[in-house]
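Here subunit A shows up in two complexes: once beside subunit B, once beside subunit C.
The block that comes next holds the complex of A and B.
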């Protein structure tokens, strides 16, 4: 249809201009991050707003990697984010499957409670969370972050997984069970392979959310050994100055895992694995 | 091979009663078609036999053994779903052999059985393909292949042809009939299409509103429907139902015409007269029971359907064999073949002749 419709050149130009503007708007901060990261310290203020620095340097990256605790922060963030993503996705997948396939007493109540937890601003509950974590002696530990992040991400992840399970026809499991599977075998051999895109998407979302979380990390972690990356980034801000170049270099490095992660899972995200299962 | 018995089977969802008092014995090797309008509970009944839906009342036996609580995997029944329900991530061969894979059959046996089924169904060239690369008809065959490979004691079909186009449906219908002749297995087939029911079934079970209306051979249902519902459901076009009452001298139509030779029943109130369109004839005026005008004439080649309006009686559909030269607005004189007419009482039951 759209190929047949003749659009006026003006409209086409306008459409692409709008798109270009949007892309520029969205990507400019990223460009600026990378630009400052490769600008020598001396030029950051002298050249000000020049789009391309007159000289490039990788000195900032070297300093960040070798002379600061960045690698430790990075490792901590990786542990927390991967841990959170893995645990959350496992629990959310199980819960989402149950919500999608079973009718049980209290189902509506559980869903309602999960929704309610999403309604409060995090700031309101930060103090009680701190009290609880302190009481069980988990302050300054990565475990506390994994637990808290998992707790806060499960509702969203569950609804996400439920929608993926809802998209898989019930007939498939039933065919499996008639073919001789137990419900669990049907889940493992038929449903699970088809849910990979959903699992990938959930993993990705939760990983990114945990990776960039600052508020709880700032509250619950004080020791340098267990700081995650967003908190560590603040150490580049000292009392009298901000080390822009190194901070931006650290920022660029922090983007790498998220990008790699999405590169890795994107083939699951775009694949329509269930096509061909049922009519249509 | 299986003899299936349903005794007082019932199904309720909370306070909602979906099926009630289902009593049916399906003999070994019989082809049974469950037919009825949508929402009559036919698919639910099939799913209860398959074990996908819990049975809330009565007893379900296979070869004398109670099966109510047996999980689907141990019932030894194969099912063909309306949606086909092929496993999208497995190729055709693996789809067909999946039940053997689950039962850990040796791979040699699995392969030979899959190949054999693929050959019967003309799928040999497609065994390496994924379901998404198949046409609707091919998917349907794979779904049947998956059932055949298992060599089950009974086959269950849940409206297997309703997603195919008309030509393919006829072809697959023949194929299912051939399959039944070859395997001589018990088959239970759900459809809302009476043509499928009439052509495939050894016996048809007509369901409505969760209850069995009648069980019988296709011709039983056509010739001796037990009530008005079955009479109207079986046969196409639908049977004409005319309001009548019992008069002194016979059965009287609403316009006062008295029908002398209607199959007589001495007792019980009479409410309606049913007569199939093919049992009405366009005749000369003096031989007619009623007269009206043609409102719509459908030329089907083999038949001509004449929708006539008869003053004092209403709409009447007449089916004449072959080409019948008639135009809209023409006067028609209609005679009823009273030997083949049915009388229904106030409760809809057919009054036996």
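The block that comes next holds the complex of A and C.
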């Protein structure tokens, strides 16, 4: 709105100061995480609170990767998050397509139920889920986590996919269907190629969500072999609470996949957060 | 001469097979989603509510069975529950207040022109992508006087008498998770409000400026009214979401010290996870669900009273 107005130098300076404040606030904790991770152990207590360490080391990363189980946790988390993201995206694409293209009896009810699942305290079902998972013998398995996370993320992913499908004109597939495609063929050959970016964005959103889930993983996993990264890191923190450098090196590692996917879905953030609206 | 086909109102004119296909086909696409949601969320939800009226404790496997409202009677006289309820209120209010105003400020800034906008936008939205357990750990470390700078800075400006860890002080501990939550939540508000801001037609501002309106006037007379619906819906949904949000507090303080940061959702989790008392945890969860429903109903009624559209 200031495009037209002649801004005074004072206002411009103020604006850039405010922006600098926001950028600083956003980056500072992450900078600190990386800083402690590269500070040599010996220096942590003497200059732990200094802004820049006098010497750098990658020793902590080496220890974390080679001498601890974090590589295994990382792999487990990767399996869970990628599995969840892939399955959720497929199921949500189908459901989102139904919401976008059909007007059918019971639609309002299904939408309402999906919205409600986003609002009740998820912790409410943590005990029943534990009991059910234990009863079918899936405790300590990554499969149970994938199934549970998939169900949790379907409603949000469905609304997101619906918003992508809504952006594609109906005429396209109708033309295809007049030319003799079945609806499914039209969906596969015309609509899916157009919505590939949407599928990618959904995949990214669900991956980030699954990557950071902690409480259900804590409840359902307690064997070291199947721990996901959050559970492993938390266990490590409570066991070795003075190995600051290693803890933070592990933290930096946990950050890497999220940041990669963030770069990837950045363009779709607005669509994602406004169509989901309830998702953190 | 052909007779014009007529059908009674309410029945379909289409051929039955076609009609059936049209009604059934969407459910083919929806069925995997519906089945999973029903099995993993709705059935456990029903079981969870039923647990609230049972004694289900994994540490005492032989004392199970229906107990009526016993769990709720215990809850009523549980000092920790009322403390957690008060804490939930302050946690939610504090978080939403700062998230909203800082997020609105950021959205207004990002809606103007400046150099390096794309980069700035990517950087300020980054906290949203940081996994919550990692945000929690990072902020807990920042508040630790051994390796974090915050206690020293707070002491230097005179807020703290000496650099100690505020997460260990019952009077101040709640500020730790709230800070982390604000850091994590600003991008959400900024993004949603920015989307709403960008949908306001620019001509309105030009017209206002030609008519001699000040910046403040065009903000309160154009921007705010346009944003109001978006603000209402995001604040309402976000409040519910934050009240349910246990990860940050659980990782940073575990509800301590002396339950000073225990909110209802962390209380549910620790009761289920540490004490394995599923019956009592479910009773707290039902209470939380009831409170959130009450909140939603009040808001909807208020909205209907206040907004005359």
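Quick note on the criterion: the second predicted complex is superposed on the first by the 246 of 280 C-alpha atoms of A that agree within 3 Å, B and C clash if a C-alpha of one lies under 4 Å from a C-alpha of the other, contacts with A are read in each partner's own complex, and residues count from 1 in each chain.
FYI, contacts are C-beta pairs under 8 Å (C-beta built on N, C-alpha and C of every residue); 3 or more make two chains touch, one makes a residue touch a chain.
What you are looking at is a predicted structure, and each value in this text was computed from that prediction instead of being measured.
**Student:** Once the shared chain is lined up, is A:179 touching subunit B (first), subunit C (second), both, or neither of them?
**Tutor:** A:179 contacts subunit B only, not subunit C.
**Student:** Quick one: is A:18 in contact with subunit B, with subunit C, with both, or with neither? Answer first, second, both or neither.
**Tutor:** second
**Student:** Touch check for A:8: first (subunit B), second (subunit C), both, or neither?
**Tutor:** In the superposed model, A:8 contacts neither subunit B nor subunit C.
**Student:** Which holds for A:194: it touches subunit B only (first), subunit C only (second), both, or neither?
**Tutor:** A:194: touches subunit B, not subunit C.
**Student:** If we overlay the two complexes on their shared chain A, which of subunit B and subunit C does A:262 touch? Say first, second, both or neither.
**Tutor:** Once the two structures are laid over each other on A, A:262 reaches subunit C alone.
**Student:** For A:223, select first, second, both or neither according to whether it touches subunit B, subunit C, the two together, or no partner.
**Tutor:** In the superposition, A:223 contacts neither subunit B nor subunit C.
**Student:** Look at A:105 in the shared chain and tell me whether it touches subunit B only, subunit C only, both, or neither; answer first, second, both or neither.
**Tutor:** Touch partner of A:105: subunit C, not subunit B.
**Student:** Applying the document's definition of touching, compare subunit B and subunit C: which contacts more of subunit A?
**Tutor:** Of subunit B and subunit C, more residues of subunit A lie in contact with C.
**Student:** Let me check the overlay on chain A: which residues of subunit A are in contact with subunit B and also with subunit C?
**Tutor:** Comparing the two interfaces on subunit A, one with subunit B and one with subunit C, the shared residues are 273-274, 277-278.
**Student:** Touching residues of subunit B toward subunit A in the complex: what are they?
**Tutor:** Residues 50-52, 71-73, 77-79, 81-89, 98-99, 102-103, 130-134, 136, 139, 146, 150, 163 of subunit B touch subunit A in their complex.
**Student:** Write out the stretch or stretches of subunit A touching subunit C in their complex.
**Tutor:** So the residues of subunit A in touch with subunit C come to 1-5, 15-16, 18-19, 22-23, 25-27, 29-30, 32-33, 36, 44-45, 48-49, 51, 91-92, 94-95, 97-98, 101-102, 104-105, 107, 110, 113-114, 117, 119-132, 147-148, 150-152, 154-155, 158, 183, 208, 211-212, 214-215, 218-219, 230, 233-234, 237, 244, 247-248, 251, 254-255, 258-259, 261-263, 266, 269-270, 273-274, 277-278, 280.
**Student:** Taking the complex as given, what residues does subunit A use to touch subunit B?
**Tutor:** For subunit A paired with subunit B, touching residues are 169, 171-172, 174-182, 185, 189-190, 193-194, 273-279.
**Student:** For the complex, which residues does subunit C have touching subunit A?
**Tutor:** Residues 22-23, 25-27, 29-30, 32-34, 36-37, 39-45, 47-49, 51, 56, 102, 105-106, 109, 111-114, 120, 122-135, 137-139, 141-142, 145-149, 152, 183-188, 191-192, 194-195, 202, 205-206, 209, 215, 218, 223, 233-234, 237, 240-241, 244-247, 250-251, 265, 268-269, 272-273, 278, 281-282, 285-286, 288-289, 292, 296 of subunit C touch subunit A in their complex.
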